[in-house]
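Data first, discussion second: the structure below is written as structure tokens.
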Amino acid sequence: MSKNKTELKTEFEPRIIAFVCQWCTYTGADLAGTSRIQYAPNVRIIKLPCTGRIDVHFILKAFEQGADGVIVSGCHPGDCHYTSGNYYARRRFEMFKNMMNFLGIDEKRLQFAWVSAAEGRKWGSLVDEVTNNVRALGPFDNYKSLKIF
Amino acid sequence: MARIGVFVCWCGENIARTVDVIRVAEAMKSIPGVIVSLDYKYMCSDPGQKIIKDAIVNERLSGVVVALCSPLMHEKTFRTAAKEAGLNPFLLEVANIREHCSWVHEDKEEGTKKAIEITRSVVERVKQNYELQNITVPITNRALVIGGGIAGIQAALDIANGGHQVIMVERTPSIGGHMAGLSETFPTLDCSQCILTPRMVEVARHPNIKLYTYSEVESVHGFVGNFKIKIRKKARSVDINICTGCGICQEKCPQKKIPSEFECGTGFRKAIYIPFPQAVPNKPVIDREHCTYFTKGKCKLCEKVCGPKAIRYDQVDEYVEEDVGAIVVATGYEVINSDKFPEYGAGRFKDIINGLQFERLASASGPTEGKIVRPSDGKEPETIVFIACAGSRDPAKGIPYCSKICCMYTAKHAMLYHHKIHHGKAYVFYMDIRSAGKGYDEFVRRAIEQDGAIYVRGRVSRIYEKTINDGNGNEVKKLIVKGVDTLMNETMEIEADMVVLATAVKPSPGAAQLAQKVGTPYNEYEFFSEAHPKLRPVESNTAGVFLAGCTQSPKDIPESVADASAAASKVQILFSKKELERDPYVSIVNADKCFGCFSCEAVCPYRAISREEIKNRKGEVVRMVAQINKGLCQGCGGCISICRAKACDLIGYTDEQIWAQIHSYPADEAEIETETGDEEEDK
Amino acid sequence: MKNYQLSAKDLAAFFEKVLSNNLRLIAPIKVKQNESQNVTKLKNKAHILFREIPSKDDLKNIVIDAYTDMSAKEIFFPRSEPVIEYTNKKSGVVIKDIDPQAKETVLFGARPCDAFGFSLLERLFSWDYDDPFFLKRREKTTVISLGCTSPLESCFCTSVGLSPMNTEGSDILFTPMSNNNNDKEDRYLVEVITPRGEKLIESIIGISSDLKNIFTEGNSLVQAKAAFENKVKEQMKRKEDFKDITEILKYKFDDSQLESETYRCLGCGVCSMVCPTCHCFDIVDEGEASHGYRMKNWDSCSFALFTKHGGGHNPRDMQFKRCRQRYMHKLHYYREKFADALCVGCGRCVKACPVNLDIYSVVYNLKKAYANNKNKEDKEK
Amino acid sequence: MTTTNINYSDLQQEIRDLSKDLLESKKVNIVIGYGAGPLNEKPIPTFITNAADVDRLLYNEHCYHNLSVYLTKAEIRPKAPWAIVVKGCDARSIVGLVVENQIKREDVFTIGMPCNGVKIEGNLPSKCVNCTVKNPANVSKVVSSIKIDSSAIIEQHPLHQDMEMLNKMSAEERFQFWKNEFDRCIRCYACRQICPHCFCNTCIAEKSTPQWISTTPGSRGNFAWNAIRAFHLVGRCVECMECSRSCPMGIRLDLLNHYLAEEVKNSYNFISGMDFEQKPPLTTYNLKDNQDFIK
């Protein structure tokens, strides 16, 4: 589906930012690469040591920077290289997701996942699914309407 | 102002095929701070690295971004190159535009746009990097080997012979593992105990090796060079220092009918037992579930007959702490249970056994002293059917992988059967023969041509039992094996006396729990995950943890031994330096901002955070702040996201770097390239 | 200047004329907890804020009798505004000044104390440097203030030399009057004070306009207004005169009384934000490397970081020093330079303060304490 | 015997006597209580350091401030040990401060007041309607022998109607509701300065390297500030609703705090400030935590 440059960009291409842990999901995404699994090109990966390091500021700043969807993914509970990073993250994400939903941010725009180093295929389908969900929701005009002044 | 160099790699055509690398390099020029931006066919090759080194020197670069494959592959390579050129290695970052971009998107336009944004985000990130030095941490020159099979033994001996202390922990009462239970070993058919027992004795006698048998690893704390291991010594109920190993207690013990784990169910043992004659340590252990004293409270016969009075009924589990610098995991394998095969009678027919059981029957020290007989009636089997790939390469059974060793040991079994029962007929149902080792295929050819094994290329669909009379009037139970011969393309039905399933190999039970204790990733079948399948097969992603033998994937004895020696050499490399250089990714606390709530102390998995008193000039404690022990901190960042005032930050993944990366993705649709094209607007 | 009379029922016509002359009209309206939702069971803390009245049918929302929570300062000195815009282009950094785009505006409903506050700010913003952002907006705006007929318990404008109906600072003063001063006010005395006010009134009742007759002659009400003003002044609960407070504060800088009076201050910035005369602002660059704005935002001297130096030293490390700075600046430093106290006695800070820190009672106590030990000294002499 | 009417003058006298002997016996250096304020009917936080002027202390139904905020202020922190007059809700804040190592339990002498609901601007605030701590817990001394009968019929939580209103809205409407609320924010930080659990010496909102929350009171900065402030109080806020009371722009912080407090109670069965031993929920974890929102 290559579009030539001149054609007006009609349909909306969502921009997804993914915060991933380096031990599991980043390596899982590498595996998706080595196994040549094709998935949507809309995701931009930011590597972090652990889901325990992923902070709610990052997610808010990503939305402020025009992201239409955010993926946060790390090791399955029990697999964390730092033993408990993802357990704390799980609680933090649940509370943050509920608060964002209460503040009116659609849950589909913020997807949490566990993708281990062996699940390249799961990473590909996760990105595709989030991209399609967010494409259906359309651009995140609400957050884009929050201007600096 | 930053002086950044961007180097985009073609990776032959792995990247260039679906990403216009020239356009990527061109787009980077427009970013403020980028001095040089070029592309090259093979950046990781020597000429490629030379380009970077020259650019660092000539352009006095303060930061380098290399856009190519995953940092897990070549980050170290390029950082050493940068170091040689005089640039602090932590001022170099890798942008992953192969695994995360070119290999996963076919559309060249999208791929290029994405590659530009990925590289640009890493350029913005590098601007925030600052010079770092590796942290040096003292190393305890002692290694822990988990598992006493051939892999564990080999690794322990190599490390011990290298002059370092080794702690070996074996779960069963004796080391030796599955190899001790084999009869002969392919391809040379030399007797398994004969080549193994000297090594076991060498382990027991080695001054540098401290052996914990009938013990398990309870917990692992700390990190490479400074692991703190807690070992649970299960109560043997025998004091092995006094016991002479005479074996009288074993003879006299009234409990006779306990299936022996070592014999895989083909033989029995007593309640107080030495697993097998050549066991090391050759001392008994009391099985408390079956011993009448422990279950009903009376008997104590073994105590009475014991000369040196070595029996200790009151012995309890003991916990021991050991400090080690490296861990070699050699927990070996287990074969899957036969009840996974309902189509083959799922363990109902006594004469269907698995490979390990056949080994016990064929072994001279086995329950039948080497005579191959039918477990049901003890008669010599006239016809045996061996079924290869029982469970392996069979996604329906959940095991899609090949267990690698079954083709060889099945050929060996056919050969042993022929040597012992000359007129016996051996059928082998196989899919493909995988005999890729040295002298392996000749071995299989010999089994077929000289020992008359009938190799049938096909699968066995069903086995059922039928009683027929054997021509001279008495009723005999036969196993009717219905199979197909795909080469002759005809179905077959064989009346067999015995069937041997070459069942699939899986990790020894409890491997996942051990992986979680040690903190290393494992795959969905619970095999430990190696750091890199080709480049680092015996290392795990957790620094200081090495893998040997079947704990990583099914292997035969030669490979396990090679693995073990490789792991041992990796440990030697680690111990060759007095201190260990660790990457400097640790958390640092700004005492000004810390208000002493110590939520960080609660979430730190390494207990690396302690409380420091801030005193005023008069020496009174004014307030308490968090303090991070650089040696223990592993850089997970848990403390940073729990700290509300961001009083701490993680070197290598600072807030500034991540903020810069997030900010590098343009807020509105302003294409990066239009920024380069803005000269036209200004004209 | 001229005086007119306007009956209360013609007020709406007056506004319509202002709108039809496409002037921007700003007046106090009631902002419910949320414009779209109904009021919840609990007494809803509704807020009276100055908002633009876009069209005729919004005129009914204008609230005349209540006092606004925020002062009208925001019209001239908004809580945040960009001063420059920078764009990082290949050829270099392009910096663009931002014009305040002041529109012709009519501000209705400010109180005389607010209006006087504007004149205090105007003096300051044109003292050594003419601040375009404030001055341009002030020039384009005609301030119609509304005299106070029933001041609140927290008002103390008379203490700083003002009165519920004083005229200085506003362009036009509407004073609600009644022909005999007992029944309900049904008309306004319209005192035009400045040429700008004159120009607006002309444009409203100019020769061609059909509203010529709504402004009838008003001089007759002037005496009645003076009497009415004194009556209202008497009703005020807080009348202590702070004429000589500047002298007293000179000796009070190191007095522990200031510390004990302001011990409960929490260091939030509510008092500065709601105050009609507080004018401190903070400059911060917002945006990203490629594009952004230099923002001018409200700031408050009660914030802990207000005077924190780069090296970490903070001359006002304790909260009472910050409160002291607030009182000193308003009643001492500003008065020495501009003759009037930088406090118009509107009492908004007293109402809004979460712990009811009250500038009036602090100054009152200081004055009493000063008086006590003064006559103690006299006795000893 | 349990009752629902309180004789405030008795309580007031008991506070005065208790404070007198605490100060005289040097057990505490300062008593933090309520005193007469400039505007009648609005008592103000008062600080008594010498026994002579304990009579400035008063107590009535208008004493709504949560005085525990002062224990972490720079002027008062060095004056430990303190005595402090606390109602049930304020006592929960004291527990929170002790759990987060800001004050030591033995440094604070809490004078627990039985309370049947305060009056803010003449109204019973939402937090008092279903109050479960009418008889204060975890306090050094409960002032009077009377027990408030808190078995009154627990009617629907007064915020329930507003919460229902919000839940019935679509995500879009809810976003507009909160955007309108937060757009009014003038960043005076009264909500932060009055909260007993906001004791950071430099707040994240004032961090500029990097700037996570834009300091400009525009819609972006306000949304981020109010979201992060609420999130930093998850599992810590005791719903004393002082922030919502002191917000000059009337932003419905009470809805936000109440929602998050309910979430924490439902998900982790944790109510903040009830037990000295319990750690805040976000600093612990449970292997069986809910994760059905995670793919």
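To keep things simple, chains are lettered A, B, C and D as they appear, and every chain counts its residues starting from 1.
Following the convention adopted for this analysis, contacts are C-beta pairs under 8 Å (C-beta built on N, C-alpha and C of every residue); 3 or more make two chains touch, one makes a residue touch a chain.
Predicted model only: the values in this text are computed from it and were never measured.
The greater number of contacting C-beta pairs, out of the two interfaces C-D and B-D, is seen for C-D.
The chain closest to the protein's centre is A, with centres computed as averages of CA atoms. Among the other chains, the CA centroid farthest from that of subunit D is the one of B.
A straight line joining the Cα centres of subunit A and subunit B is 30 Å long.
Taking each chain's centre as the average of its CA atoms, subunit B and subunit D sit 53 Å apart.
The mean-CA centres of subunit A and subunit C are about 48 angstrom from one another, to the nearest whole unit. Touching of two or more other chains is recorded for residues 592, 603, 642, 655, 659, 663, 666-667 of subunit B. Within subunit D, the positions touching two or more other chains are listed as 176-177, 201-202, 204, 211-212, 214, 216, 218, 221, 282-283. For subunit C, residues touching at least two other chains, in rising order: 80, 286, 295. For subunit B in complex with subunit A, the residues that touch the partner chain are 70-72, 96, 98-101, 103-111, 113-114, 117-118, 121, 516, 519-524, 529, 541-542, 585, 603, 605-606, 634-638, 640-642, 650, 652-653, 655, 658-659, 661-663, 665-668.
Those residues of subunit C whose C-beta lies close enough to touch subunit D in the complex are 31, 33-37, 40-47, 49, 69-70, 79-80, 153-154, 260, 263-264, 266-270, 272-274, 282, 284, 286, 295, 297-298, 300, 303-305, 317-320, 350, 352, 354-358, 360-361.
Of all the residues in subunit C, the ones that touch subunit A in their complex are 80-82, 286-287, 292-293, 295. Those residues of subunit A lying in contact with subunit D across their complex are 56-57, 60-61, 64, 77, 84, 87-88, 90-107, 111-114, 126, 129, 142, 145-149. Listing the residues of subunit B that touch subunit C in their complex gives 30, 32, 124, 592, 663, 666-667, 670, 675-676, 678-679, 682.
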